[in-house]
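For reference, chains read A, B and C in written order, and residue numbers begin at 1 within each chain.
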Amino acid sequence: MEETPTSWFMRVTVTVLFLFLLAPVLLVFPISFSGDQVLAFPPSSWSLRWYDSLLENKVMMSAFLTSLGLATVVTILSLIIAIPASYAIVRLKVTGSEFLFNLFTAPLLLPTIVLGLAILIIFASIGFLATFTGLVIGHLVITLPYALRVLSVSLGNLNLACEEAASSLGAKPLVIFRRVTLPMMAPGIVAATALCFLVSFDEVVITLFLTGPRMTTLPVELFHHVESQADPLVASVSVLLILMTLGVVMIVDRTMGLTKAFVK
Amino acid sequence: MTTATFDLPVGSQKSTSAAGIAIALLLPIALVNAIGFILPVLNLARMSFNEALPGGGIADAFTVANWTGLLQDGFYIELITNSIVVSLGITLATLLVSYPIALYLHRASGAWRTFLTVLVISPLLTSAVVRTYGWIALLADQGPVANAIAAMGFQPPRMMFNTTGVVIGLTEILMPYMILSLMAGFGRLDPKVEEAARTLGATPFRTFRRVILPLTVPGIALGCLLCFVLAISSFITPKLMGGGRVFLLATEIYDQAIVTLNWPLAATLSMLVLIIFGAALAVYSRILRMIEG
Amino acid sequence: MMHQTIKRDGVETVGDPYLCLEGVNKKYGLVEVISNLNLEVRKGELIALLGPSGCGKTTTLRMIAGLIAPTAGRIAVGGRDVTHIAPHGRDMGLVFQSYALFPHMTVAKNVAFGLEMRDLSRAEIAQKVAKALAMVQLEHLAGRKPRELSGGQQQRVALARALVIEPSILLLDEPLSNLDAKLRDEMRAQIRDIQQQLGITTVFVTHDQVEALSMCDRIVVMKGGLIEQVGTPHEIYERPATPFVASFVGRTNRVKGKCMVDGGIQIGSSIIRAASVETPGDVTVMVRPHRILIDWDATSTGQGETANRIAASLSRITFVGDVIQFHFDVDGCEFIVEESTKKAQATHRPGEKAMLSWNVGDTLVFGADQ
C-alpha cells in the first residue's frame, strides 16, 4: 500500500493533524522568550524578561509553593489510604468488594464542574473553603480513584505463591505484607505516585471552587491570570509546568524501567 | 490451581477479626468518599429542590420551581440546546480530525508507533489552561492564524471570544481521548481483512467504506460518547476562549454558583448535565447493541 | 545419612505414621473436590500424590501446608493436630511449581528469609544459608537476583529455601514440571539424594508417572478427589487396584472379555487365564505391552501351564525410538506388543500371523463395573 497515492495523501493529512494537535503546546515555548509587553506571535523581540517577572511575582510564586505542598501531601495521603484499601479489596476479598471498588472510583465518572460545585456547597457549611485541609480532601476525591485503580491492578498481577511461600516459611501476615507484598508492588506504587502528583498539581476546576484570595494554587492563579490579561507571563509558567511534568514522567520511566526488570 | 483463589489460608477466614481488619483498611477511603463524594452529590441533588432567595440566600424547602423555571425560561432552553448542539459539533469535528491519526497509528509499528503514541498522549499531561492559552495566542485577532489567512488574501474571521474559538480549542483538547478510543476499537481491524478486500478488487475508497468503517464503529461510538460527555461538561476552554459571550452549561453552572450565588439553580443545572450524561450513555449502549445484535 | 531404614521396592517399612490425614474433605459450595481422604505418611518417607490435573492432589498438598482450610477432617503431624494452625505456624517447607522466589531479594536473602522469621542470630543465619546453598551447589550465585538464574537454578534455590528451615515436612508441588526433559532427570536424582541424606518426610505432587515411580517410596494415585490406590511403585505397577491405575501408570493393552464359570476368560475366540478370579460376566483385561512375547512361527506349542496363548495377525508397525510397537488384531481387539529396537526385526509385514503369549500372572482382570 506504500506507493499508492492514498498513502501519500494520508501522510500529509496526518502530519497536518499532528501539527494541529501539538500547536498550542509547542507555541508556548517561543512565546515565553518574548520581549514584548503583550501576547503576540511571533514576538517582535526576544528576552528572558517574563521568566524574571515570574520570579518577582509573589502571587504566582506562593501559588506555586502551595501547589507543590498540596500535591505532595495529597500524593502521600493517597498512597497511605489507597494501599490498604486495594489490599482489602483485592486480597481479603471482602463481601461486595466489586461494589466497593466501583463506589470508590465513581468520582471519576462525574464532571469536575458538578463535583466541584457539590463539594463547594458542603465545604461552605463546614468552613473548609480556602483552607489547606479543604483542598487536600477535594483533591483526594479524585486522586484516590486513580491510585486505587493502579494499585489494585498491580496487586492483582502479583504472584500469590510468593506470599504463600513467605507464609510457609514462618512469616506472619503483617511481615509478609511489609517484606514481600509491598516491595513487589513497587512499580504500581511508583506509577500511582506520579499519577496522583500530576493530577493534584494540574487540577483546576474543583480547586477553582475551593480556593479563595487567602489560598490559591498555581493552575487556578494561571486561570485567573489568563481570564484577566493575556501576557507572555503565562507562557513562562506553562514552560515550567511542562518541564516539571516531563521530569516526573522521566523519573517514572526510569524507575519503572528498573523495577520492571526487577519484578520481571 | 485456579481453586486457590477462592481460598484464604487457615487462621484467617473464620475469625471475626478478619472482617474487622478489612473494615479498618477500608475506613479511610470510605470516609473520604463519603465526605467528598456521596454526601456532596446527595446534597446537590437535594439542593436542586431548595428555594433560592434574593442575595444568595437559600430557603430549606421542597419545590420543583427551579426545574419548572428552567424549562420555561427561553434563555435556559436556548442555553441547553446550544450546549448540546455545540458539543455534538465538537464531537463530530474531533472525530474527523482524529480518525486519520488513529488509523495511521494503528497501521504503524515498532518504535515509530510508540513515539507517535507518546506524542498523542503528551497533551493529556499538559494543563487545559496552558493549551487554551496556546490557542488564545494562535487565534488572536492579530495572531498567526489570522495573519496567514490575511496573507492568502482573505478577510480573517473573528476566532476569539466566540463559538468558533471554543470549538477549535475543545476539538484539539479532546483529540487524544478520541484517538485513544478509536485505537482501542481498531483492535478488531486485522490488516489481512483490508488486504483481502483489496485482492478481491475493491478500490481503496470502497475498501474504506465497506470494510474498514463498519469494523471500527464500536471505537467510533466509544470515542464520540467520551468526547460529547467531556465537551458538554467542559469549563476551562469555554470560559477563557468564550470571553463571557459563549454561554454553555458548565460556564453557567460556575457563574450561578460563584457570581450570582444562586446555588439551587446551579445545582439544578448540574443535575441536568448528569441527566444528559445518562441520555448519552443510553444512546451509546443502544448503538452498541444495534451493531452487535 | 540418618534415616536409612526405609528400603525401596516393596519391602515393608517400619515406623509410625508421622503425617496423618483423617477424613479430610474439601468442598467449594456444593462441589466436593476432596472426599473423605485418609492417608498416613511415615517419618522419612518420600510419598507421591499422582494423578491427572483436577484430581485434587494439589488441593491436598495445599491443605497439608495450611494454605487452604479443609471443610471437614483432621490433619496431624507427629501426633500434633495442625488442622487449625496457620501456615506460618506449621513448620513445613514448600516448593512451588512456579518456585515463587522473592523477585526483589538476592538468592542468599531468599534462603535466609525463613531463618530471619525464626529470629536466629546473623552468624547462624549466614552459616546455615551457606550450608544450604552448598547442598544445592549454588554457593557462587548467592548474590544474584532470581531473574538472573536459569529455571533449574531457581528450582534449586526454592529447594534450599524450603529446606534451610529444617521443616518437619517437605512439600513439593510439581517442582520439575517447568524444566526441560534432560534437566528434569538430573533434578529427580538430586532431590531424591537430598531427601535421603536428610531423611526428611516428603510429599511430592506430580502428574508424571515416571517421576513418581522413580523417586518415591510410595505412591498415592488419585482421581476425582478420591484415592484410587496407595502402594509402593512396584505394587502400583504390577498390581494396580483399578483399571484407572493400570492405564495411568505405565502403558497397557485394554480389551473387553467375558469371564466364565471355570475362571477362564474369553477374548474373541481365544480363552486365557488370570491369576485372580473375577465373578462371571463382562470383564476388562489388561496386559502390559512389553510382557507379551511374539512367536512368529505360530507353530510351536505352549511354553508351559503358566502361559496364555492367542492367535493374532499383525496390522501395523510403529517405530518409537527405543522400542518398536507391533499392533496385532485378535478377533477385532487390538493388542500392542513392544520389543526393544535391537531385538525386533523390521522384516515383518502387516497381515503376518503370529502367536502372542504371556504369563498368567501378567494378566490384569477387572470387573466391567470398574
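Rule of thumb we're sticking to: contacts are C-beta pairs under 8 Å (C-beta built on N, C-alpha and C of every residue); 3 or more make two chains touch, one makes a residue touch a chain.
Every value quoted in this text rests on a predicted model; they were computed, and no experiment measured them.
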Legend entry - Identifier of the chain whose CA centre is least distant from the whole-structure CA centre: A
Inset, instruction - Name the two chains that are joined by the greatest number of C-beta pairs in contact. - result: A-B
Legend entry - Chain centre separation (chain B, chain C; CA means) in Å: 60
Legend entry - Computed distance of Cα centres, chain B from chain A, in Å: 18
Inset, instruction - Report the inter-chain centroid distance for chain A and chain C in whole angstrom, where each centroid is the mean of the CA atoms. - result: 56
Legend entry - Residues of chain C touching at least two other chains: 66-67, 86-87, 89
Legend entry - chain B, residues touching no fewer than two other chains: 4, 8-9, 12
Inset, instruction - Could you list which residues of chain A touch at least two other chains? - result: 164, 167
Inset, instruction - Quick one: which bits of chain A touch chain C in the complex? Just the residue numbers, please. - result: 159, 161-162, 164-172, 175, 179-180, 183-184, 186, 261-264
Inset, instruction - Under the touch definition given earlier, write down the residues of chain B that touch chain C in their complex. - result: 1, 3-4, 6-14
Inset, instruction - Spell out the residues on chain C that touch chain A in their complex, using ranges where they run on. - result: 65-67, 86-94, 96, 98, 100-104, 113-114, 117-118, 145, 147, 158, 161-162, 165, 171
Legend entry - Residues of chain A that touch chain B when the two form their complex: 1, 4, 6, 10-11, 13-14, 17-18, 20-28, 31, 39-42, 80-82, 84-85, 87-89, 92-94, 100, 103-104, 106-107, 110-115, 117-122, 137-138, 140-141, 144, 148, 160, 164, 167, 173, 198, 202, 204-205, 208-209, 219, 222-223, 226-227, 230, 234-235, 238, 241-242, 245, 249
Inset, instruction - Would you mind writing out the residues of chain B in touch with chain A in their complex? - result: 4-5, 8-9, 12, 18-19, 21-22, 24-26, 28-30, 32-33, 35-37, 39-41, 43-44, 47, 97-98, 100-101, 103-104, 116, 119-120, 122-123, 125-138, 140, 142-144, 169, 172, 175-176, 198, 204, 229, 233, 235-236, 239-240, 250, 253-254, 257-258, 263, 266-267, 270, 273-274, 277
